[in-house]
Amino acid sequence: METRKLLKILNEPYGVSGSEDSVSDLIQELFQKHCDKVQKDALGNIIGYIPSGKKNAKKLMIDAHIDELGLIITGMEERGFLLFTPIGGTDVKILPGCEVTVFGKKPLYGVIGAKPPHLQTAGEDKKLKATDMAIDTGVLNIEDYVRVGDVAVYNSGFKALTGDYVCARAFDDRAGIAVLLNFLEAIKGKALAFDIYVCAAVQEELGLRGAKTAGFNVDPDYSITLDVTFGTSFNSTDSGSFELGKGPTICMSPSLSKELTDSLISIAKQKEIPFQYEVEEGGTGTNAWAVQTAHSGCKSALVSVPLRYMHSTCEVLNIKDVDDATKILTFFAEGGTFNA
Amino acid sequence: MKLLEQLCLAYGPSGAEGCVREQIKNEIAPYADEISVDALGNLIAHKKGSGKKIMLAAHMDEIGLMVTYIDDKGFLRFAQVGWLPPVFTINRQVRFENGVKGVVAYEKEMEKELKQAKLFIDIGAKSREEAESMVKVGDCAVMVSEFTEMNDRVTCKAMDNRAGCYALIKAAQEINSSNDIYYVFTTQEEIGLRGAKTAAFAIEPDLALSVDTTMTGDTPESDKMAVTLGGGVAIKVMDGSIITNSYLRKRMIELAQGIPYQLEVLIDGGTDGGTIHTSRGGVMTGGISIPTRYIHSITETVDKNDLKNAITLIKRFCEEV
Amino acid sequence: MLETLSNLNGVSGSEDEVRSFILSKIKADEVTVDVMGNIIAFRKGLKSHKKMMVCAHMDEVGFIISEITDKGFLKFKSVGGIDERVLISKHVTVGPDKLPGVIAVKAVHLQEKEEREKPVEEKDLAIDIGAESKEQAQKLVKIGDYAAFDTSYSLFGDRFMKGKALDDRIGCACLLKLLERNYDFDFYGVFSVCEEIGGTGAKVAAQNIRPDLALVLEGTTCSDVYKTEPHQQVTRLGDGVCIPIRDRSMVANRELVDALIACAEKNKIKWQYKHTTAGGTDGGAIHASGAGVKCAVLAVPTRYIHSPVGVASVDDYEAFLLLTEKFMEEVGGLI
């Protein structure tokens, strides 16, 4: 599918960590078009299988996560105000003025309100805390529609900016999922060097929980995690940020396999696909960390799409980077320079 | 309440749960076909059945104080075992496994923010030698408190999670089911859900339920939380370690019809379910919580009716889920 | 009507889109646009030539582009009083072609602890339109272009509405309705510009019209939100149309206020006081113009005013429409 369209479709369903059903249903359907077998495990991970047909082929698992940030309702106040706590690493500063949908008995519109600054008493020093905010639903008998534990998500869907730049609330990590799906399309009918397991993992934002059980279920020899990394913006000073449109990053880290990483790099170079080097000194904070120790151990690599404003309501990426990541992955799965 | 009292007063800090394990073993034995203790000290009571393999977990360990240093005058410095802020220990009595008693005190006058490093235990020893004859570095003490009934409520140390152990034992007495049930009394929950992790790996359950205490939001100026004491058994939605399986949660709400229940979102903290649900290839896991005020203090308070409702819901879960 | 009005962009100084729309809908004996950009619609008096002026402002809060950075990001300044805490991570549209953009935010992972808790100041923000370079951005946007919040109007909850510019398209919608007929006195409907930056439009309009009496239609602060004490709530959503006594810019004419309250009571229209003296309206400029003008304000309470999403009650809005209509029938006696 055309990447732009795919990114749009993937940002339509909601999938707050722990409530990923509507997005996982879509992924299951899309996986089924390309895989011999698709299963959903006890935590809700969707795992698809494409055999290479080769004898004693090694198992390559490629994963991306489907969950996104959101809010969980912790209580109700009079006149339709809902109390909440964020799910996943959230910058609470972005919340006031955010429009959300609350998934109660029916979807309800809400806007997050905070006490106006001029009403804060001295000492409150304008510090923003989630516990001082509430979702304003305007529904007076809100107890009839919403219960403690229901979730809410930001309303911002897919939006095209200039050229290849696009914006949505959940490119982290629907961008990785888009790579995965375009990869499945690209390898169709091609000779594969590995038995391939594709995994759409749940609950990454809560501590890589889905990848842990998916990794156990697949027990791969090699794994490649597709995620997003920090994109540079107007005020980036951090050297750990990457330009958009200059290719995906391939990560070097003591927690990743040098052999596998080098192989991805040499394929990118050989095929003249743009990429950037990313360096992490320890764990990568991505599913790669959980998958490699989930069962009998595997060699892991990490490919990331640079993303601006990660974990906000307006994540921005460049479509070219998604396409380049897909190309690297496709050449790798076909054998490339890697001796599995 | 006699059983709950015995369980609460028993000694059992994380990593040294032997005493409480022996007590529970005696209580659960009549209702199990097989009892074992694994490498981490988990007590596993197996009631065989042909149906689903269900793991019920309640942790037996409590928070404690571990001796790290004995000074020349015989005073003990200590570390927290589990989350035990200084304000909960200061000027309280503590007790070691061998019966040695002590009191916790603070250096000089107290600052606004109490520091763990300035706390010490006085066991009445007059010298290092005397102290070393009473306790050793690495020994653990637990808080001392009385088991007290107040109206419909009971208060004691270690209600977290002897109340859960009590509920599991009481439920075991009543459960009549063909399911294959493992009653697991876990160790080291307070220091990272460790016992439950290995127990779940060994058992490989189809379904799991962790039974623990949770905080409430109903005392003066408390942090906002929708759970109240006496408001019914709490069905866990989320805590810092798990989002419970949505199917099981829905089933439990159905099973709770006719008994008071409430839904729990705990912002911090974790339970055994946290390591159980990510065990092996994943386990569908739910949580039942007993609302508890003043958690990790010596005045942990639960409501008898909540406890009764928890027992009923555990029973229904095992029989009908 | 209100939906269309609220969705139009009209940041102070660039009210063109709103003005064109209103001009296309307006019915009056004579319509002019003055040198400031105010629309002045005139309905001739049936019995007298005493002058009544009713004023609603067309402009809304937003942003003006102040710089295009080397990497093609847009630096901006807020136009009108916007709480800078609400800016980051919000969606906007830029310039006359409504180019989509977002207000950039540093990823939470990269923020130091103090940064996480401290609100971001406007000078540290920029709009990202996805431009590759300064050159590309310059082709799409010019310095001095305006940007507005990208929020669409809709109804929600139990008779609530939300939109980016309810303040003061609510007043514009009401004024359009009042202009559908003639009254006993000369009636001047003024759709003013630049209220949010100090009421320059209304000031000139009042000086030219020299009204005997004026009424300002507004959206006003409402802070009946979570964690706000009752005495701080200013107004409460659903408690009716607001009749302010005084604010920072004006003491409302007591005679007019009493007449408005009496009119509301007589017609059983829900109304409320404004429990603060903060904030200002076009009334400030109007009442002190010329030799002085008897002036009052009628307002619709709006939660989260001057933010991406304003929220108002449909009931309050209807009370507002009804009270202005009834009051216009009676006000002749006061002039």
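To keep things simple, chains are lettered A, B and C as they appear, and every chain counts its residues starting from 1.
Heads up, the rule we're going with is that contacts are C-beta pairs under 8 Å (C-beta built on N, C-alpha and C of every residue); 3 or more make two chains touch, one makes a residue touch a chain.
Nothing here was measured: the structure is a model prediction, and the numbers come from that model.
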Connectivity without chain A (remaining chains kept where they are): B | C
Chain nearest the overall Cα centroid: A
Whole-Å gap between the CA centroids of chain A and chain C: 40
Chain A and chain B: spacing of chain centres that average the CA atoms, whole Å: 35
Centre-to-centre distance between chain C and chain B (centres being mean Cα positions), rounded to whole Å: 57
Chain A residues counted as touching two or more neighbouring chains: 83
Where chain C touches two or more other chains at once, by residue number: none
Sites on chain B at which at least two other chains make contact: none
For the chain B and chain A complex, residues of the former touching the latter: 217, 223-226, 237-238, 243, 245-246, 249, 262-265, 267, 277-284
Partner chain A, residues of chain C touching it in the complex: 69, 71, 73, 83, 85-86, 88-91, 99-111, 116-120, 124, 126, 128-132, 136, 140, 151, 154, 156-160, 162, 221, 223-228, 232, 237, 278, 303-304, 307-309, 311
Touching residues (chain side chain A, partner chain B) in the complex: 17-19, 21, 41-43, 45, 72-76, 83, 85, 87, 131, 147-149, 203, 206, 209, 212-214, 216-217
For the chain A and chain C complex, residues of the former touching the latter: 77, 79-81, 83, 89-91, 93-94, 96-99, 108-111, 113-119, 126-128, 132-134, 136-141, 156, 159-167, 230, 233-235, 238, 240-241, 245, 308-314, 316
